[in-house]
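You will see two complexes here that share subunit A, one where it goes with subunit B and one where it goes with subunit C.
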Partner chain A sequence: MREPPLSNCEKSFLLKAIREGKRLDGRETYDYRNIKISFGTDYGCCIVELGRTRVLGQVSCELVPPKVNRPTEGIIFFNLELSPMASPAFELGRQSELLIKLNRLLERCLRNSKCIDTESLCVVAGEKVWQVRVDLHLLNHEGNIIDAASIAAIVALSHFRRHDVSIQGDEVTVYTPEEREPVPLSIHHMPICVSFAFFQQGTYLLVDPSDREERVLDGMLVIAMNKHREICTIQSSGGIMLLKEQVLRCSKIAGVKVTEITELIQKALENDKKIRKEGGKCGFVESMPQQWITAFKVEKAPVDVTDVEEKAEGILSRAEPPAEAVSKPVLWATGTAQIGEGLESSWRDMEEEEGQVEDEDDEGAIDDPTLAVTQNIEMEDISGKEEKKSDVDVVVLSDSEEEEVIILEPEESRIHTRSKHPADSSATKTTAGKKKRKKKFAL
Partner chain B sequence: MRQREVYRAGAGSGCTSVLLLLSKVLRGDGRGQQAEADVLVVAISSPLAFSLVFVSTTLAFPVLAWQQRVLVLQMALRAEQRVGQPVLPGDVLLTPLKDREQEDEQDGARLALRVPSPTRLRVTCGPGLRRQGGSLLVTRSGILRHRAPSLYWVDSQQKRYVPVKGDHVIGIVTAKSGDVFKVDVGGSEQASLSYLAFEGATKRNRPNVQVGDLVYGQFVVANKDMEPELVCIDSCGRAVGMGVFGHEGLLFKVSLGLVRKLLVPQGEIIQELGKIYPFEIVIGMNGRIWVKAKTTQRTLIVANILEACEHMTAEQRKQAFAKFSDNMM
Partner chain C sequence: MAGLELLSDQGYRLDGRKAVELRKIQARMGVFAQADGSAYIEQGNTKALAVVYGPHEIRGSRSKALHDRAVVNCQYSMATFSTGERKRRPHGDRKSSEMTLHLKQTFEAAILTQLYPRSQIDIYVQILQADGGNYCACVNAATLAIMDAGIPMRDYVCACSTGFIEDTPLVDLCYVEEAAGGPQLALALLPKSEQIALLEMNSRLHEDHLEKVLDAASKACRDVYAVLDRVVRDHVQEVCTLLGE
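Now for the complex of A and B:
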């Protein structure tokens, strides 16, 4: 399916907003969207969310013979996939231009920067090495895929643990996770891509463009950098001319952003490690926010009111009567007396206290919206019942006027013994007829 | 492809009927033939019958495995019992009973004496429900809704729009070809819009529509076999608010559930928002909303508030609006 077209009004509005320094989601020019990192139950599995862009990273490894020209180096393989689930515009099984571009950029960012020690992945030189495969799946597309994908890749790689291997003579033993604790990959640094969007031939610049901003931009600049401010890759696309100052400014911004993101990643990794150590719950299910469509619905609970009065009386009788506070007024001066052990005069504080009380009331109202809703529901129910009741009442009232009453009464009496439903329907019918007649009279 | 077959044991059916049903499931459908289906779904409404069937199927499991069939036991409830609760695709609901039968069901003692009469209620299936045999099959996830006497539908929060005849939608003109415009409405196929379907348009006097413009129109043809067709006039040839619009302003997409929420006749959201400051709004049933206020800032605010309204209760919304209008002062 084709991507839905961008209308003229959207285009002009976006450009106007950018000129005024505003963005659709209320961010500032250099702001990133919220980054959320969650880990799966297995090692090497993570989901990175950048706003609503969402990338799943999964690392796996196997033992393979090495490449002939590099007998002592392990192999790392990156694969980003854009499924139609992310956006209907993506087609399955077709290498689109965008996909090739993103895959190459990822490889340049992560493999060519030598962030992973490939030598340590060698088991027997020239015979067996570990092949590490990083699969990245775009789950939802809301702009800036490359940043989310690069974060997901590096997070998944640093979270991954491979089986431990030992060599004794010619014998190679691969241990299962139960026998020996799996070992992490050795990662030298964390390169992270930061994208910049340029509008109006480079006049305006935005960090982390959303999908709609991506559709009106003139050019893109992607800088991959690690926290030591070493540029790993830089790529400019879209065919705009950038000045030296602009690139330098971008690299400065990228430095700041990369430091922030790296800190976030490390915090997330540590947190996960801690939870796993303590044997707590981990996995995607635990990190999902509970957004239920029925969150505000509360089931009606029957309340037992059979002998409430007796119970209440029993409680009252058992309870000790409140101590009678007999206080003697003390006359301090003429016209000023004190009763009990009074506190200091709080005359001036009175107004403030009132304000506080009001605030508290407000908060109470905020705290239980659910309660209000249930009340509403109940109210509706009751009103429905009342309507029915009132209908019946109308019938009774108009009895004296109409002849049909004679037919109705025995039916009603029979109804009492059997059930309500047919009664209601017949009653309402007759009332409807009567109402019409009444209207006629009124006219 | 695996076929699915639903067997059902009605409510109040005794032991014998349950066992009869089970034997039917295992042997075939009683005509000496084996049931064709690979997957058998047994929809059972009463808890007692369910437990009975469950026990007997566990015993009969080797037979089923030998026949390479899967038996899915499902505790099916009557549609009216699930109203207001979430349902998922694949759920089976039993068609509601008439009032008389309901009352019989409650009164179990009389059941044996009464001859069972086919007193099923005639049910109208709305969106998200499909009739399957004697029961209703849910095809969308959402909350089951009911309107008396017998209309049932699933209120879903989906985002994909499927054209429906009579719906008012916002479309984007994607091409001009001969005497029709191609309009993207967010459905699987583009809709066509004749250049004569505008107010005051004649062969001589063509409407001024450019590619990329927004149009507000109504579907006159929308079915699964034909290209949907939009018009921007009513049957009397008047525009009544439809036509090309929006040379400024912001278009954004929300879920279809939110659009329905905004468009309910007694909906207060738009009115409350309008009290804070004036703005223009066009809402299409296809989930597109166009807003325009005095400034860019205000337009953005309206758009974000409307998006946020989806998961707010009336109380929360009122508080948010109150807070917001205070800030504006």
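Now for the complex of A and C:
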């Protein structure tokens, strides 16, 4: 399955964020994601997590005849696998361009920089040497595979212990771990890859791109370095034109990052050594955090909240007060109006209710039929005046179900109501009733 | 290799060159009639042949076509007789695939691919004799071949390798110098704008020396450019006189 391409919206959003120096996960431009290193129960097995990119490293070795042209050197073999488990875009058994690129980079980073003393892997010159195999499996792909893989490879190699061998005359003895303590490989230095992503023809630079960022980048530059600030590999990729200054700047940044990562690796290795010595629990199961409830768990994304309050206040002070939301009333027929389109028709229920209301009104009219209604109208009249000063006065009925409905009272009728003439008021009442009916038809 | 003195006290290298001296470059454009563009280059004993077809319609699966630019298809191969030991496979191993990728990347950056949407440009390069600087010879040969094919590029792409021995950058390494295992850097440069189309480095080099090596490499690339430019001008003149008659 090919990875679905990013939409233009998403692309421009990401690019805009990058232009503003922001990243989706809240990192700064030169920040790495969190690196976590955990070890398996066996020697030479580790999982490296770079954010949510996970790489499993496993080192194994066997005795083989050496290569003809290098009879006194051991053999180191690297293999990175991109399984479909990591991302549906990876297919099994296909050597994609990406895979070739990554494998060659790893080889160049770790083998050509001679970080492992291959001559110490020789058992009998020209006959038997150790072949060390480093298998790296990508378990989850969230961007920047090469950095995670290079860390996993060097961690697995430094963690690995091979069987001890002794030679007496022609006899070669390989000791089991019970007989003799296994020996570590001799590692001269730890080369670590640092990836730089370039955006917009090299204008913007990010360290450790995530998978989203990887999909919008223009070009990459990978620099492998060790903590002595020796460059082990440089590789530019993608159709981008770099300038010398950019390369030099990247190499400076890489130097800093590599020192940090190397310290972390050494700490992790020492920690593991201590645990093993004390006979503590080790292995992936132990290093997994115990989370009984896995659902609803959301990782806290660090969000930049400095000067947010001031900013918000600034925006509030600058913003104009919201305009009074008055939508234009729709005039359906003379004397009726409506604001908005309304919801479902619920006239049947209302008709019954209104019938009751009118009955009540009629009953009230026996006592003082006019006063109640006129007062009511007057009050609403005032409120209507305050709210809206248009040529036509609006009376808002306070009936809960008819909030949206406004009855336009002609000027004269209001004057009539104010005169508090009993006959007139009763007339207004009836007109109001009529209007109600009219409105019903209009709706 | 320990006995070899790569740089003598007098400042000469194994083959008698100075540290910043290139090997002799001889090149010819238009060596094949069938192809749209072709070139042959010799850099010392490294010999490379490049052939360019296109731009033409996409061959093979149509899904590869890009709507906004041309696809650059490269193939790097080494003749089985090119190295000291006979090679089993001319192409397809990891190193060759990587080289293919690098070539592709270099020329995708240099060719104005957006002028030919939905089309394809094929670049086939073969090393006839390998004596160090294979990538560089391939890039230089391919540049000439692309020019011969009349495909517009941003600029010449000139490549040169550089080593670093005894605090001195050595340009245009030969096989023996490469095999010694010192640091080596391959640079593909667009000489006019000094932009880097590809940068590749192996083995160990201290960060402080990087600038020095990069400078030497870009100087060497500009030297290569001078040679290539002369070759192109000579070729064009030759063609013009032939057409004129």
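Methods note: the second predicted complex is superposed on the first by the 293 of 443 C-alpha atoms of A that agree within 3 Å, B and C clash if a C-alpha of one lies under 4 Å from a C-alpha of the other, contacts with A are read in each partner's own complex, and residues count from 1 in each chain.
The rule is simple: contacts are C-beta pairs under 8 Å (C-beta built on N, C-alpha and C of every residue); 3 or more make two chains touch, one makes a residue touch a chain.
In this text, all values refer to a predicted model and were calculated from it rather than measured experimentally.
Touching A:Lys22 in the superposition: subunit B (first), subunit C (second), both, neither?
first
Touching A:Thr233 in the superposition: subunit B (first), subunit C (second), both, neither?
The second partner, subunit C, only.
Classify the contacts of A:Asn34 with the two partner chains as first (subunit B alone), second (subunit C alone), both, or neither.
neither
Classify the contacts of A:Thr334 with the two partner chains as first (subunit B alone), second (subunit C alone), both, or neither.
After superposing on A, A:Thr334 lies clear of both subunit B and subunit C.
Quick one: is A:Ser7 in contact with subunit B, with subunit C, with both, or with neither? Answer first, second, both or neither.
First partner only.
In the superposed arrangement, does A:Met241 touch subunit B (first), subunit C (second), both or neither?
After superposition on chain A, A:Met241 lies in contact with subunit C alone.
Considering only the touch criterion stated at the top, classify A:Thr306 as touching first (subunit B), second (subunit C), both, or neither.
neither
Go through the superposed model and pick first if A:Ser317 touches only subunit B, second if only subunit C, both, or neither.
neither
Quick one: in the complex, what on subunit B touches subunit A?
84-86, 99-100, 102-103, 142-143, 157, 172, 174, 184, 186, 188, 210, 212-214, 246-252, 290, 296-297, 299-300, 303-304, 311, 313-316, 319
So in the complex, the part of subunit C that touches subunit A is made up of which residues?
Checking each residue of subunit C against subunit A gives 94-95, 97-98, 101, 105, 108-109, 181, 183, 185, 190, 193-208, 210-211, 214-215, 218.
Can you list the residues on subunit A that touch subunit B in the complex?
By the definition above, subunit A touches subunit B via 1, 4-13, 16-17, 20, 22, 24-26, 291, 293-294, 296-297, 365-366, 369-370, 372-373, 376, 418-419, 421-422, 425.
Provide the residue numbers of subunit A that touch subunit C in the complex, in ascending order.
Interface residues on the subunit A side: 95, 97, 100-101, 103-104, 107-108, 112-114, 221, 225-226, 228-244, 247-248, 251-252, 255.
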